[in-house]
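Provided herewith is a single structure, encoded as structure tokens, for subsequent inquiry.
Letters A, B, C and D name the chains as they come in the text, with residue numbers starting at 1 for each one.
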Amino acid sequence: MSGNTFGALFRITTWGESHGRAVGVVVDGCPAGLALAAEDIQKDLDRRRPGQSKASTQRKEEDRVEILSGVFEGRTTGTPISLAVWNRDANSSAYDALRDRPRPGHADYAYQMKYAIRDHRGGGRASARETVGRVAAGAIARKLLAQEGIDIAGYVAELGGIAAEVIPSGMDELRERVESNPVRCPDIVAAQKMLELLDQVRSEGDSLGGLVVLSATGVPAGLGEPVFDKLDADLAKALMSLGAVKAVEIGAGFESARLRGSSMNDPLVLEGGKVKFESNNAGGILGGISTGAAIVCRIAVKPTPSIAKPQKTLDLKSGEAAEIEIRGRHDPAIPPRIVPVAEAMMALVLADHLLRNRAARVDGKISCR
Amino acid sequence: MSGNTFGALFRITTWGESHGRAVGVVVDGCPAGLALAAEDIQKDLDRRRPGQSKASTQRKEEDRVEILSGVFEGRTTGTPISLAVWNRDANSSAYDALRDRPRPGHADYAYQMKYAIRDHRGGGRASARETVGRVAAGAIARKLLAQEGIDIAGYVAELGGIAAEVIPSGMDELRERVESNPVRCPDIVAAQKMLELLDQVRSEGDSLGGLVVLSATGVPAGLGEPVFDKLDADLAKALMSLGAVKAVEIGAGFESARLRGSSMNDPLVLEGGKVKFESNNAGGILGGISTGAAIVCRIAVKPTPSIAKPQKTLDLKSGEAAEIEIRGRHDPAIPPRIVPVAEAMMALVLADHLLRNRAARVDGKISCR
Amino acid sequence: MSGNTFGALFRITTWGESHGRAVGVVVDGCPAGLALAAEDIQKDLDRRRPGQSKASTQRKEEDRVEILSGVFEGRTTGTPISLAVWNRDANSSAYDALRDRPRPGHADYAYQMKYAIRDHRGGGRASARETVGRVAAGAIARKLLAQEGIDIAGYVAELGGIAAEVIPSGMDELRERVESNPVRCPDIVAAQKMLELLDQVRSEGDSLGGLVVLSATGVPAGLGEPVFDKLDADLAKALMSLGAVKAVEIGAGFESARLRGSSMNDPLVLEGGKVKFESNNAGGILGGISTGAAIVCRIAVKPTPSIAKPQKTLDLKSGEAAEIEIRGRHDPAIPPRIVPVAEAMMALVLADHLLRNRAARVDGKISCR
Amino acid sequence: MSGNTFGALFRITTWGESHGRAVGVVVDGCPAGLALAAEDIQKDLDRRRPGQSKASTQRKEEDRVEILSGVFEGRTTGTPISLAVWNRDANSSAYDALRDRPRPGHADYAYQMKYAIRDHRGGGRASARETVGRVAAGAIARKLLAQEGIDIAGYVAELGGIAAEVIPSGMDELRERVESNPVRCPDIVAAQKMLELLDQVRSEGDSLGGLVVLSATGVPAGLGEPVFDKLDADLAKALMSLGAVKAVEIGAGFESARLRGSSMNDPLVLEGGKVKFESNNAGGILGGISTGAAIVCRIAVKPTPSIAKPQKTLDLKSGEAAEIEIRGRHDPAIPPRIVPVAEAMMALVLADHLLRNRAARVDGKISCR
């Protein structure tokens, strides 16, 4: 147990169940002196909130964050920052029928086997609502990273097999396009097709998976602590800890299995007196340490497990085969909503390693990009 | 810093550079009373040792492990188990030319930027030789897992684009086939083609990547500590912490991005009074907790970065562009040798979670499969 | 940073400032299945609450705990238990004058030097109010320990030089006597003298220190993880982490420096077929592991630093010498109120080690007493 | 389990049994660029080595340290530093008689109860020989601290009730006096009396305890991570983790229980434009954070448990009462030899907190003294 804490120096502990009193997070290790207001956090929470569009669930939640500690006169004090969001719009009765019938593709059965008890309402701790704490904490990490010139952005690169093709290279333009449509796909033409497919799939009582790309620019060379707490290893853990993620790639990822060394290796070159890489198959990380190039990850997101179609399961009480149809407010696709959550996880990893890297050298210096 | 420890309860700390005095590992947290002899460890070390075939480097190393502590009269005592393997066959002069010229695709540049100093000989700490400690510790984890009926096996599923097609379903048969050929591919026909391609690529001074599949059977339901130390998250970190790995999949992995929910979800069914899953797209893990089904991971391994072809780099001293050709003993492909290393990482994660799960319930019981 | 988490498996993270919105704690790693209600926690919180008597401050706080997560239908679920207590009766204006004038014996100056910012109101994070989270979490630990037959009790053994002489040997009688008077001294005659001295010292604008003894019975042999996470080492850390504690003893403690080995060593004897120790100078711990004898600790508590007498300090703004007199609601002695807090810390250490010990042997057995 | 690692950023893992192959330590997290040679470490190891005088055991050991990794061309590289010392002069047969008869005051019984197996030879893991790893690692920490102007020194303040009275105030003079006599007492007259008492006690087959004082100068304000990883809390843990230590004081320690607040509080004053404390009852730490004043700790060391006098114990095999007399090479008093070990523990804590403090502020600045 005690698996609800993430990070070594910039460390978060999340808590809360979907239909409990509240969800929240304690951020311990945010350096003192960072300007921070509730709006900084609310902004990212609003991006993850459901009910904004046809692409996401219809549950209405205000999700107003409260800062309960750690901030004084608009600045962090170096003490733990406790954040809470109250649960309001929970209708638990819909889950009564599922109490003894584990939903396929969900954590129900595994939790029951592990703990012999679980809060089944709304998926309990295994609900996507748990990510509220991650996003809230991630927003603080982003502010810290912004001070160092580090920027993070993510987007839906593929949904139900429809791939984005036109991707803006600038972070600001990327962000603008991504937030311009409910599937968070920067390729507007592809986004339209995704929306149409989503409508169709929803009407069939089914769901879609997809791919999300994340990148971080401005990351200085030197972040990452080999040989286990490598930057890519920690990113992989952070992203794979999201319920719907089934695969994580860094840089060329799976494609690298089919490349020759002569194509895979990124040549080092000088540009205006600075070291650059001619390509970025490494995804900005070599030997588990950032190189100064953009950090690029890709994650595979499985289709929403809650579907209206009938599914085979069993009844834990009677011990007999059973069938369920899952009704209620469920995203027919997770990728659009996972974008801010995955960005938050990336921010948390980078903020943690930014601080850890301060101990790398006797003189306290850190590498320049 | 301090990133050289892995695991929470079954915890290892590795140390050593490629051309230093020795490499080794301290295993802290192995329960008392486990029968353990040097041969148990040597067996796995021999599998990772280079110089066994054309598919691997020609460096000759004995790699005899010494148990320096923690074992008394053939059993572990609950105190730290210190293991060391001496470095003998190191020829450092070949690396003189590379001291100031970072090899593309290698950790050289990143280490230099982080620490402002590095042992460049043989890649130093970033050498694959570092995995000796992982494999040695993993062998102990395997013994612990075997007591619980947990078995782990891996194989090369694809090399240079050539895919294995015939995969035995039994673990023993799988293992036998895998060890029957130098590319560790259970499909003998594909293995032959891989070997031919390897020969050709080596003669071109280039290298190949590939895919490795890992599975664990007999894992009881209940392992994994949500929401961050999920079993899949820790596996992803463990495997991504290997130098050449650029992607990690659990179960259906990337394929899941293109499935509908109705195909992705694994139905629960009863077989002989026991709960089973009709399919295993989840890869044996839901909500970050093992379900009792086989754990299945796949990793993408990049082509060996050390290639004989000329490559662009720069000279850190002069600050000017430079070219290098890397000579010496280098595997033209990493996947065959990474198999025992990746198995070791999987074993370490499972052993750690096996112990962690003992604290899951007040009564101290753990779930039955 | 990130020093606000305590414990390895039974792990707590506290948060909150004296005059902030609330104080609280997240308990991660409490095993699933433990019966738990708010009253279980409230009971201990009421014991630490000020305003109950002349021996403690007059601040009136309800200190009602809310369980925000981790409990379902009256039992813990294995997920994080989030507890919060709202701050109500805070009067911050009294602290305006102290903002730039660090109080001698307080953390003000040290916090300012470390973080360059601090919430000065009511001592901020360094306030004794921070211990609300410890006590709340400790109450859960106690329930877990009670299931194993482990009982903890503490008392004031000395106050302002007045020593308790008659100490009941039974835990229940001890507890009853301790709670019968406001100084929590089991010797009623000594308690009366302590109260008189307290009155006198308060009227002089001064304060008193004292000694607190803690004992735990029913602790099985085997708890403690050498060589660093020894049971006595973790107890020492836990108790020394309380603001007013300046010394920690285990068993004979300082007295042992003046004993000969032949008097210090506790002989092992058989009583009714069971192993017992003829004396308990070890305080129930040898080699950092519990022996089955009662665990006994003693702590020295310094006099309350907030006193009405004029004290020398400096003004951080003007950089000049200054004088302060501290007005307001302050305990003239901390020992009576620290008793439940120190008990909580002891409970947290024992609960953590109880769970850690489950991983000590391959067979999962733990030692019997 | 896994209790053999200490520290968060400057982190050590020790291993080894008294009569096993070797003892050693892995230091992970030492910043890169520190000048380090084997002699730096050997110097401190020589101070802890037995066999130097009548005040310590007659076992002859060379205790030559080998640096196996982490140092390149005379400087640390930021990778783990592995250190080993081989065991040579072990005579295990003397311990055969003790295998089933736990020695009173020793860890024998507790280890057996916890692990159900133990290496009984020479006390196994619970031997004082385990501290070789601590001292070796501590020597590296000291070098790191020296770069920041931090100096540590300890001495025997009392032995068998004989107290040192004349203590030099300068660190260098203190050290010189301490090393001038085998009991490590800076008061030469008292030292002579201690030696005489030691002789007498040894001839009686008995042993003595004592008090050791430790101080650190040059520590900047700001070290320590409230509310649990306070500097005093971590020091208490570090020192209490030494086998013979039964009490730890910070500053005025136990004396503070008898002081009034008006005497205990250290007034802040200005001296030459700098903030100073008029007294140092706090021992250099307030609220768990260093203040810039000297850090002062005192520990109580119990008498050596191995004594020649007959003692009552039991036979674990027969389950019957038994008697033992412990023969062999045993210090009649531990305090003189514990001085360098306790200094090492203090150095490890300070080095760790020095690095942790680098993450305290957004701007990366740390407080000036």
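Here is the rule we use: a contact is a pair of C-beta atoms (placed from the backbone, for glycine too) under 8 Å apart; a residue touches a chain by one contact, two chains touch by 3 or more.
Predicted, not measured: the structure shown is a model, and the values here were computed from it.
A.B. asks: Is the C-beta contact count larger for B-C or for B-D?
C.D. replies: B-D
A.B. asks: Measuring between Cα centroids, what's the chain most distant from subunit B?
C.D. replies: Measuring from the centre of subunit B, the most distant chain centre belongs to C.
A.B. asks: Could you work out how far the Cα centre of subunit A sits from that of subunit B, in whole Å?
C.D. replies: 26
A.B. asks: So what's the Cα centroid distance for subunit B and subunit C, whole Å?
C.D. replies: Here the centre of subunit C sits 45 Å away from the centre of subunit B.
A.B. asks: When the centre of a chain is set as the mean of its C-alpha atoms, what distance in Å lies between subunit B and subunit D?
C.D. replies: About 39 Å, centre to centre.
A.B. asks: On subunit B, where are the residues touching two or more other chains?
C.D. replies: Residues 1-5, 8-9, 14, 29, 31-33, 78-79, 114-116, 125, 226, 355-356, 359-361 of subunit B touch two or more partner chains.
A.B. asks: So in the complex, which bits of subunit A are touching subunit B?
C.D. replies: Residues in contact with subunit B: 1-6, 14, 102, 104-111, 113-116, 125-126, 130, 158, 160-161, 201, 206-211, 221-230, 232-241, 243, 246-262, 264-270, 273, 275, 278, 281-283, 285-292, 300-307, 309, 311-314, 319-321, 356-357, 359-361, 365, 367.
A.B. asks: Please output the residues of subunit D touching subunit A within their complex, sorted ascending.
C.D. replies: 8-9, 29, 31-34, 76, 78-79, 144, 147, 226, 355-356, 358-364
A.B. asks: Taking the complex as given, what residues does subunit A use to touch subunit C?
C.D. replies: Contacts found on subunit A: 1-5, 7-11, 13-17, 20-24, 26, 28-33, 66-70, 72, 75, 77-82, 84, 114-119, 124-125, 355.
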